[in-house]
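Both complexes below contain subunit A, partnered by subunit B and then by subunit C.
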Partner chain A sequence: MDESTRDARFHAVPEEAEQALPCADSFAGKASRAFLRRVPIWPVIDFLARKKVPQHKHSFWYTLGSMGLFFLLVQIVTGVLLMIYYSPSQPWSSVQRIVMEIPFGGLIRSIHHWSANLMLLALFVHLFSTFFMKAYRPPRELTWLTGLALLGTTMFLGFSGYLLPWDDLSFFATRVGISELEKMPVLGQWIAGLVRGGPDVTVDTIGRFYPLHVVVLPLLLLSILGVHLFFVQVQGVSEPDSFRALPPEKKKYHKFFTEYLVNEIPIWMALTALLVALSALFPRVLAPEADPGAAAPEGIKPEWYFMVPFQMLKLFPGSLEFLGMALTGLIPVLFLVVPFVDRTVPADRRGQMVARIGIGFLAFLVGMTVWGWMS
Partner chain B sequence: MTDGGRCEVRPAPQQEKVDKGRRRFLWVTGGLGLAWLGLSAYPVYRYIAPRPAPDPFGKEGRAAVNKVAPADVAAPGSGANGSYGQRGCIVFRTTQGELRAFDSKCTHAGCNVNFAGDRISCHCHGGVYDFEGKNVAGPPPRPLTPLSVFEENGVLYVAPAEKKQEV
Partner chain C sequence: MNYPVWDIPFLGAGMVVAIIAIIHVLISHFAVGGGAFLFVAELWSNRQADGERIRTWLHKYATFFLVYTTVFGAMTGVGIWFSIQLASPEGTSLLIHQFVFAWAIEWVMFLGELTLLYLYYYGWKTNSRRLQVWLAGLYFVIAWGSLFVINGILTFMLTPGGWTLENTDIVAGFFNPGYVPSLLIRTLVMFLVAGLGGLLIASLMEGEEDLKERIVQFSSRWVLPAALLLPGLFYWYWTTLPVNTARLMAAGATGLGGGRLEVMTLFAVVTGVAGMLIVLGSLLFQARPRALTFTAALSLFIVAQVGFLGGEFAREMARKPYVIYDTLYSNSLWKHKAAEPGYLRQPYLSLTRWDPDVVPLTPEHGEWAFRLQCASCHTRNGYRGIIPRTASWTALSGFKWLETMDQQGVMPPFVGTAEDRAAISAYVQSLHGKTVTAQAILEQARAEEDAARAKAAKAAEVTP
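And now, the complex of A and B:
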């Protein structure tokens, strides 16, 4: 017997835990009981063990968040690997070395690129599936808001990472992006100067984007993600109205540990295969080194997730530009207010209207993106 | 709490019971705390504050044009993209034979425009300028920044347009 059972500094193991844990003679039983005497978190373990996920025809849409999480893990692993050879003082040539000289360097860089794109795609689909399933309604407003913050942080990660290879595409994309920020009233110029490190995009800008991309934004992302997942755990997964309306005997659930989690593994394996296939078939090119004096390359376009502001810039020329940027700036605001406008369960007329507006809005975003991509 | 936490039913603090020494202590530590944060933040802000760009024209008030030689712009209608300092420029000779230069930074979103022979255009959002540097099509809101350009000992130089020098 452990000395801890007789000492007041230790906690008692709850009766339910005694029932659930492996028998007290085994090593696992001894270790788990010794742990619970020191760290009394049985209620948390019990809560997680009871966690269940509703099973219904819309279940597929519920895996999008976990896909985003998978791509985030890939980003962390490949990002740390890229940091080994990347040098912010020789940005372009160090990336060229990764691609040309380092074994599998091109593959790891391409996976980082594709995983970033697919992570954003998964998050956008996650956003719209929770939107159309109306999972943002009370009591889950804060989960929705933290989710939007995660998407925003991920887009900033994409923007800050895009500059780091210092090729002509990334140079002009960053110059355009920051010059739009600069036109924001009041604080625009100050913020733009601060992120650029001066009046123009130079190697000094990399000095800022690099720590933002590899330290500041990832820490921010992981912190918000912790809160987001904590809310999901505490409140449980949202049930769509169609499932909620079922009689109790018809409602089917998966236990999260380990039934649901095990079912995710094949999805994660398929996504790994997809990443490798995309990276092999469409490796990320390294364009010529940025030349701040040269003309912008022909056919230059931003990544697809910045195509909407790109098209808006072309559609609202000259003095109308401010209007175009103001409309673009309104997009996140619309998403922010949704849980405070549409609150009723099951959906009432206002809820149906919000869904219809959402369909129109999704069509607008997809349309602008495709148009920008084709133009 | 039985009143549901509503503010109006909470008992008002009894003024005579307030410990003045404690209150003063909290104000002083709060103030010191803010001063401490401010003092710590100031050098951090100065450290990351943007640095002014070096004057591309330097002490001499002019800058050599890189990547464009006088021979490249000798014929009427010819021109090219070049650079001066850390900035881009376009240098060209009009069909009337006048040598001109503009800073190539597009006034719309900051890409560098391209001298395309028959026009000056921007690949980013489709802006077009005429050979006076005037914005004539697409989104740019203002004309290009003009530069004065001259040749000396086989090298092209640009200078701010207002300090026009002999060509």
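And now, the complex of A and C:
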């Protein structure tokens, strides 16, 4: 017994903790008790240890968030490695050095590229699986909204990172992307000028995009992610209506720690293998250095996750452009209002209607993306 | 020399073969290792007090094994034959003619495997326990025999050893330098895949937690021999590779070749990563057997599939630019013919089996020459696409580059006249959306040559 047991400055170890912790004579037992007397977080540990995840036939769709998290970790690790040699003052030649001279540099860069794309793909599927499982309904509106914010932040991370290699493709795609932004009424010109750092994309734009990509947006993403995951922890994983309707004896759960997590690890392993294999099969090429004076190469398109607004603006040329902008702007709004429109559990007629509209909307987004990609 | 090349957009013929083959290779390894698994599990169940429970589970394993290996194995196996004869008729022909007896043995082995598997599976209730053990054991021996045969032919393509076109010493070609390490590697990998199959079927068990625990631990142990011995065996295999190949493979990874990893090195990395992940995964479920779910077991199976992709790709890439090392190039050009004086400078299309009879220097000339000479490796805008690879070409630089394209060590020598090169270069320009005629390229090249000659003559006059 150390002196802390009698001292009022220390906390008492709860009875349940006494039973759950290792034997009080062992080193681990002493250390864990000493820790709990100083930092009384037993309720948190106990809560997490009791956390359960429902097991049902739709369980797979509930791993997509964890896939997104995995890709984020890959992005952080590979991103930090790329930062070691990337230099915003010599963007193209430093990336060329990464690809040509730095051992495994090309591989790391390709993994960063593939992981970014798969992260967005995982998040889009996560968005729609959450949508169709109706997990956005009360009391989880805030989880849904923070999730949308995460997706938006990730898309901007993709946009800001795409310019950094400063090659032909990335330069012209960014120029096209920002000029679409410029068409926004009232604020468009001002915002476009602000992100570009002038009337055209120049090295000053990298000066803006680089800190955005490696500091501002990641910090923002991690903060929102913390809130998002905190909500998920506190509220627990949502149960689809079909599972909720089951009698209690038929409901199966996995304990989050040990059982559930142990099974997430092989999925992460499969994703690791997939990332390395994709990077070997289809390495990210570095196109020739951007030449702002040259004519844009034919068929410049944004990345697939920006294809829908791109295609929408193509559909509404000239004076109708404003309509295209307005319709595109409506897409995030629709997602934002869903949890306030569809609230009943189990789903009522309105809920079924929302699901049907969702299917049509998904088909629209996929269709526009494929169309944009093919044309 | 050439048959009309099978023109597959975006993927290319080789990639089609690769996709079918990679699926097949996982299945075929499972088909051998699974036999050993059935045999050992039969013996194991005989020694357990609750052997019947284990056998009930084993029947599920056998059902999966039968469907997966015979249906999908046969489909993809035949698919390989269909695709390789279209992708490389010359190479396929050479393999058939050299190893006709080996293929015959292989066919008998397959027949034996199928017969024994059907006897084992459909006699599940009627056969005696002893007979089942014998059938499973015999199945494994014969299935491993089919590996023994095919391994000789596969390794021959990369390391033909003492075999040459002249001596046609098939014993030297069959038991070539890569034969033994490759045989051992594949045998251990087979056990590993059989264990992963066990995990997959065990993950579906419901209710019998204690039995699930034992079976998961039994299955994950099959990864152990590979985990311990593969690193050393891969090193041995690497030492048998042609010297240049081995050097190239190591160069990027050791930093000697700068940061540029050879494609085969990248694929070797894929296999290494996959292998380590499988070892970690099997350790994970050795420790927590009851927690295993189907998604997790399937994920490990997918990791194995990706590992096969890496390994087989690395092996195929190591042969570049040959389909039979040092003998036959990937685009069906024979090395000994290329060495004949004057052979390489004949009009290219007249050498092909079906001369498409196009007017020289027309766009059709360029397209046919591209299809027959380049398209066995390069697509237009897909895998190993020619468009990104020629982004910096001008019509004239492409024309010149083709003549010496074999000097980088990864491509075969060019066959054809200056007209052929001009036609191909014009065709490549047309893929970039630029219109240049082959005639114009030739004239430009001639003008440049004349100017150089005149300059040289002038220089000679000044300094006699």
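Side notes on the structure shown:
By our rule, the second predicted complex is superposed on the first by the 375 of 375 C-alpha atoms of A that agree within 3 Å, B and C clash if a C-alpha of one lies under 4 Å from a C-alpha of the other, contacts with A are read in each partner's own complex, and residues count from 1 in each chain.
Just so it is clear, a residue touches a chain if its C-beta (ideal position, glycine included) is under 8 Å from a C-beta of that chain, and two chains touch if they have at least 3 such contacts.
None of these values were measured; they are calculated from a predicted model.
Because the two structures share subunit A, they can be overlaid on it, and in that overlay subunit B and subunit C fit beside each other without clashing. Of the two partner chains, subunit C is the only one that A:265 touches; subunit B does not reach it. By the touch criterion stated above, A:60 is placed in contact with subunit C alone, subunit B being left untouched. In the superposition on chain A, A:208 makes contact with subunit B only, not with subunit C.
The vertex angle at subunit A, taken between the C-alpha centres of subunit B and subunit C once both structures are aligned on chain A, is 100 degrees to the nearest 10. Shared-chain residue A:274: touches subunit C; no touch with subunit B.
Contacts of A:98 after superposition: subunit C is touched, whereas subunit B is not reached. After overlaying the two complexes on the shared chain, residue contacts for A:69 are found with neither subunit B nor subunit C. Once the two complexes are laid over each other on the shared chain, residue contacts for A:298 go to subunit B and to subunit C alike. Of the two partner chains placed by the overlay, only subunit B lies in contact with A:319; subunit C stays clear of it.
No C-alpha atom of subunit B lies closer than 9 Å to any C-alpha atom of subunit C in the overlay. Taken together, the two complexes place residues 298 of subunit A in contact with subunit B and also with subunit C. Against subunit A, the residues of subunit C that register as touching in their complex are 252-255, 258-261, 263, 266-267, 269-270, 273-274, 277, 280-281, 284-285, 288, 290-293, 295-297, 299-300, 302-303, 306-307, 309-310, 313, 383, 388, 391-392, 433.
If you check the complex, the residues on subunit A that touch subunit C are 59-60, 63, 97-107, 254, 258-259, 262-267, 269-270, 272-274, 276-277, 279-283, 285, 287-288, 298. The touching residues of subunit A, when paired with subunit B in their complex, are 172, 175-176, 178-180, 193-194, 196-200, 202, 204, 208, 291-300, 310, 313-314, 316-319, 321. Residues 48-53, 66-67, 81-84, 86-89, 104, 106, 108-115, 122-126, 135, 138-141 of subunit B are the ones touching subunit A in the complex.
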